[in-house]
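Heads up, there are several structures right after this.
Across the two complexes that follow, chain A remains constant while its partner is chain B and subsequently chain C.
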Partner chain A sequence: MDFEPTIVSFLCNWCSYTGADLAGTSRMKYAHNIRIIRVMCSGRIDPIFVLESFKDGADGVLICGCHPGDCHYHEGNYKCLRRYHLLKKYIAQMGIDPGRLHLEWISASEGKQFAELADSFTETVRGLGPCHVKEIIENFA
Partner chain B sequence: MEEVRIGVYVCWCGNNIAKMVDVEDVSREMETLPNVVISRDYKYMCSDPGQDLIISDVKKHKLNRVVVAACSPRIHELTFRKALENAGLNPYMFQMANIREHVSWVHRSRENATKKAKSLVAAAINRIQWHEALNKRSVEIDPATLIVGGGISGISAALEIADSGKQVYLVEKTSQLGGYAAQIDLISPFMYNAAQLINPKIEHVYIHPNIKVFLNTQIEEISGYIGNFETKITNSENQSIELKFGNIILAIGLSTFNPSKIQNYKYGIIPDVVTSLELEQVLKSGKILTNDGNVPQNIAIIHCVGSRNSNYHEYCSRLCCKNALKYSNLVRSAIPDANIFEIYADMRAMGNGCEELYSATSLKNVMFLMFDQKNGLPEVREASSKDNCKMLIEFDEKLSGERIEVPADLVILMVAKEAHKEAKKLAQTVGISMCGNQFFIERHPKLDPVATTTDGIYVVGSCQAPKDIPDSVAQARAAAARILGTINKGSVEVEVTTAKVNEDTCCGCQTCISVCPYTAISFDEEKQVSVVNEVLCKGCGTCGSACPTGAIRSQHFTDRQILSQIKGLLDKSFELQEG
Partner chain C sequence: MAVYWGAACGGCCVSVLDVHEKLFDVVANADLVFWPIALDIKYADVEAMEDKFIDITLFNGAVRNSENEHMAKVLRQKSKLLVAYGSCAHMGGIPGLANFSTKEEILKQVYLKNITTENEDATLPNVSYEVEEGTLTLPKFYNDVRTLDQTVVVDYYMPGCPPQTERLLEVFMAIVSGNELPPKGSVIGAYDKGQCDECTRKKTDNKHIKEFKRPFEIEDDGETCFLEQGVICLGPATRGGCGHRCIEGNAPCRGCYGPPPDVSDPGAKMMSAVATMIDANEPEEIERITNQIVDPAGTFYRFSLPGSILRRKVKESLQ
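And now, the complex of A and B:
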């Protein structure tokens, strides 16, 4: 039996969430493992959201924002990008494979790209196997 | 704190959701979650009876929060917020779970789609416990409107608004009004003279007391929000002028494809290969002649130059086929014995009178020859001295299945219509989205093709997608009507999901001030805390994710709300089936 990962995805309202909506209206099919949370801007994605997702049992976290230069709020995506690189290093030190966290720019017209990303990231996380952070924390406590 | 009483409503969306998600099962299971008082499923939640169901339940069961699991919140969040208001609840005590665009339409397994739907709804239920009532803010609308672009779309919108007695600022980058329509001779399919149609309108704009025209002017920066935008422009005399306006219409039109990108057509190499736009100038001059001043005997019109080809533009430019038919007719009238070849990929002349024009053209001894873009494009080459023509065009003719050569003295390339070169810069200036082809994106492709996702900004004409004159005019007048509606109302309600500082926990580090893209946060030296200017704050939430103490909150997207949503999403009971 294949392991079915659970992936929490944070999508900005203006580009990426709309792109994911477009994948839907175009009836593109992708992995059901992706579960989406809408934020207004990728700049709103507090590192805590990512860490808590892993702590609560996510096997992967996907962040999507507007392409550079296209942010509805001018530069929120750049701030997200900086945090992302720091977070990658941070989670590695916490014993979480940095491959479980991924950031990609998805515009409002990139429904196809979103569907492909959902599939490819699901496969990546499936390959990494279950994330045991939640169990470890529970046992530790 | 008052007791939390949640109503959950799972929509079938006809069969759109119910086909892939067991909505009854979702609804039943949600009723077992804490604080859920009632959970129902219904055919169409967005319909009037669906909304009435919510309203009557709110009253009957004393609900104080409502979760609707249906389509994307980008489509119906406002609809349901209104319903809550009608039920006497604060509209922000609402949360939507998107189980159509993000579940039923994109998954194949009913079992897993149902599980995923449950986790999304559970997340919404978890989140809504922490929702807070927010009061709407009303802003006054400045009755002036800024229109960027003086083509037929911009002109039509300007006249519509100005005739209603409201001020219009019409900004045009070039030295004259009229845009693309002013460059063409006759308009297909009814052959109206473009100048006769558009010149009186341009005159009217210039003398209209409510329209101020700025030629040779570009917009560098726009600040503000619906009702209260402002910009500084520099006019031709180098004077800086400040303009204030409540709404913006973008009508910057389009550019045309540069055919020298397709080497087959020898554009720029053989002088008698011309673009459709260049031919319009020839037609305006009254005489169709080749580069060396002779009357061409063989005229070839090549379609889809840069359109419907994944190497250039995948989309159909929409206007070219009917224009190509127009050229055949005009050439036939001007040179009765000429050989005319329409070398097309598919005939897509559509709209009023176009099919009739196609039929009429086919009776005028015009050769229609088809090529298949997948099998290579026609190749234009110079003829040799033996040939009785200047050029030869070689291609696989699809209907006969033969490789043929067509003689030509004049080749007309039906060049693709593409997004305006300035589109990207303008989109970034005003903060709206573009599609992959750099056309501006409307708020909704079916239900709101005029507005954009930024309140107070409208897109009209070919900057949204290639359009003919009647469609551009219709869209322009629709935008004008929308704007006049808001001006008439005098004020508009805006989102209040701004950031808010808790002065007790703010440590005064000013990190929020350094990350705010709108300089909406200032520092109160006396209290040593950050202060948010709610008018300037657009609610992106970047400050909220940078604050080390959690003192600054993005309202309606607070840490607690999102963290609860994550918890609900990862609830063990809705884990996916393995295998």
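And now, the complex of A and C:
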């Protein structure tokens, strides 16, 4: 059976969520694997959110925020970017392929880019196969 | 009262001994009915006790083999209050760093690959072995190191590697004085405030780090916040209560007192804090600075890997 990855995606309210909304209202088709969670700003995405996602069975985590300079809270997206680099290093050490975590800037008008990103990231994660974190925690002994 | 050690170094038991002459206050209020480091009482004696016979058990050490697990279960049954005493019982502690490896990797390294090991027959530990006199047994070594509360229900947590002896006395006296105890599941013998709240080093609100350094790479002025000197200090993600033992000794905090209230994962909290201090906005520059943190997982989860969200490294065979 084909593996259908589960992807948790955190989108900032002001740009990226609006961008994803545009993809929807424009009736663009994109991978149904993406589960969207709206946050006010990408700077609100605590590393705990990402780790909890993997723990609860996500095969990939996608983070989107406003383009540099466009964050509605000035530098939330820079904070996000810095956390992202550190988190990637950490999950790699934990045996999770760093490719399972991805960050991209999506503006409110980039509906098409969002739809393409959803598709391409889904294919990347599909290629990586299932993530086993949840299974390991369930069998922890 | 009972004191027991699971996968531990012995330091927690020594911290109990460190009550020194106050031990007389302790024994005036409680009989020590089981304490392997100090008293010759056998497991069978404990197993024969009535349920809830022990008022309070301080269990130190993580759970890494079948003996630790068995005694955790026995002591849970025999104790009114079970306290996870010290970092290892609380969050996994230093033995918990073994969760970066699998059981197979550890056994192979220790019994076959070490250059100082001579083991021509490639003998590995067996849980049971037949000899003329009968069957010899060893505890089963587990793949995963667990915290105490991943094994049995825990009433209280007393953090620290080891817990500060003064805190233990305060807790002990509070229990014997019959004062109302905090709700079950609380951290006791530590403060709600974080290390930084009471740290006397000079600090500003906005920390900008261009370069991370190892402690030996700076000439510490003895006054400025370690983070502001580029040295990773886990103060922002660690509870107070230890008396700033490390910082007073001019070493950064490593996080043994665990996360402050309402933080589920100390490492994630610290990563969040430290990343925002990185003084760069360009991806390449951020990456360059981040790469100066040699071992993020080991640094941010030094005492808390099994108790963290991910708990262990994903097994190679699965990934």
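Just so we're on the same page, the second predicted complex is superposed on the first by the 140 of 141 C-alpha atoms of A that agree within 3 Å, B and C clash if a C-alpha of one lies under 4 Å from a C-alpha of the other, contacts with A are read in each partner's own complex, and residues count from 1 in each chain.
Heads up, the rule we're going with is that a residue touches a chain if its C-beta (ideal position, glycine included) is under 8 Å from a C-beta of that chain, and two chains touch if they have at least 3 such contacts.
Nothing here was measured: the structure is a model prediction, and the numbers come from that model.
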Report task. Considering only the touch criterion stated at the top, classify A:32 as touching first (chain B), second (chain C), both, or neither. Result -> first
Requested in this report: Could you tell me if A:52 is touching chain B, chain C, both of them or neither one (first, second, both, neither)?
Outcome: both
Report task. Report for A:79: first if it touches chain B alone, second if chain C alone, otherwise both or neither. Result -> both
Requested in this report: Considering only the touch criterion stated at the top, classify A:96 as touching first (chain B), second (chain C), both, or neither.
Outcome: second
Requested in this report: Go through the superposed model and pick first if A:124 touches only chain B, second if only chain C, both, or neither.
Outcome: neither
Query - In the superposition, chain B vs chain C on chain A residues touched - result: B
Requested in this report: State whether A:41 touches chain B only (first), chain C only (second), both chains, or neither.
Outcome: first
Query raised in the report: Just chain B (first), just chain C (second), both, or neither: which does A:137 touch?
Result: second
Query raised in the report: On chain A, what residues does chain B touch that chain C touches as well?
Result: 46-48, 52, 75, 79, 83
**Report entry** Complex contacts: residues of chain B adjacent to chain A
**Finding:** 72-74, 98, 100-103, 105-109, 112-113, 115-116, 119-120, 123, 427-428, 431, 433-436, 441, 453-454, 497, 515, 517-518, 538-542, 544-546, 554, 557, 559, 562-563, 565-567, 569-570, 572, 575-579
Report summary line: Listed in rising order, chain C residues that touch chain A in their complex are 100, 142-144, 146, 150, 264-265, 267-269, 271-272, 274-276, 278, 280-281, 283, 286-287, 290-291, 293, 295-298, 300, 308-316, 318-319
Query raised in the report: Which bits of chain A are touching chain C when the two form their complex?
Result: 46-48, 51-52, 54-55, 68, 75, 78-79, 81-83, 85-87, 89-90, 93-97, 131-133, 135-137, 140-141
**Report entry** Complex contact set, residues of chain A against chain B
**Finding:** 1-4, 6, 8, 13-15, 17-18, 20-21, 23-25, 27-30, 32-33, 35-41, 43-49, 52-53, 56-58, 69-70, 72-76, 79, 83, 107-110, 115
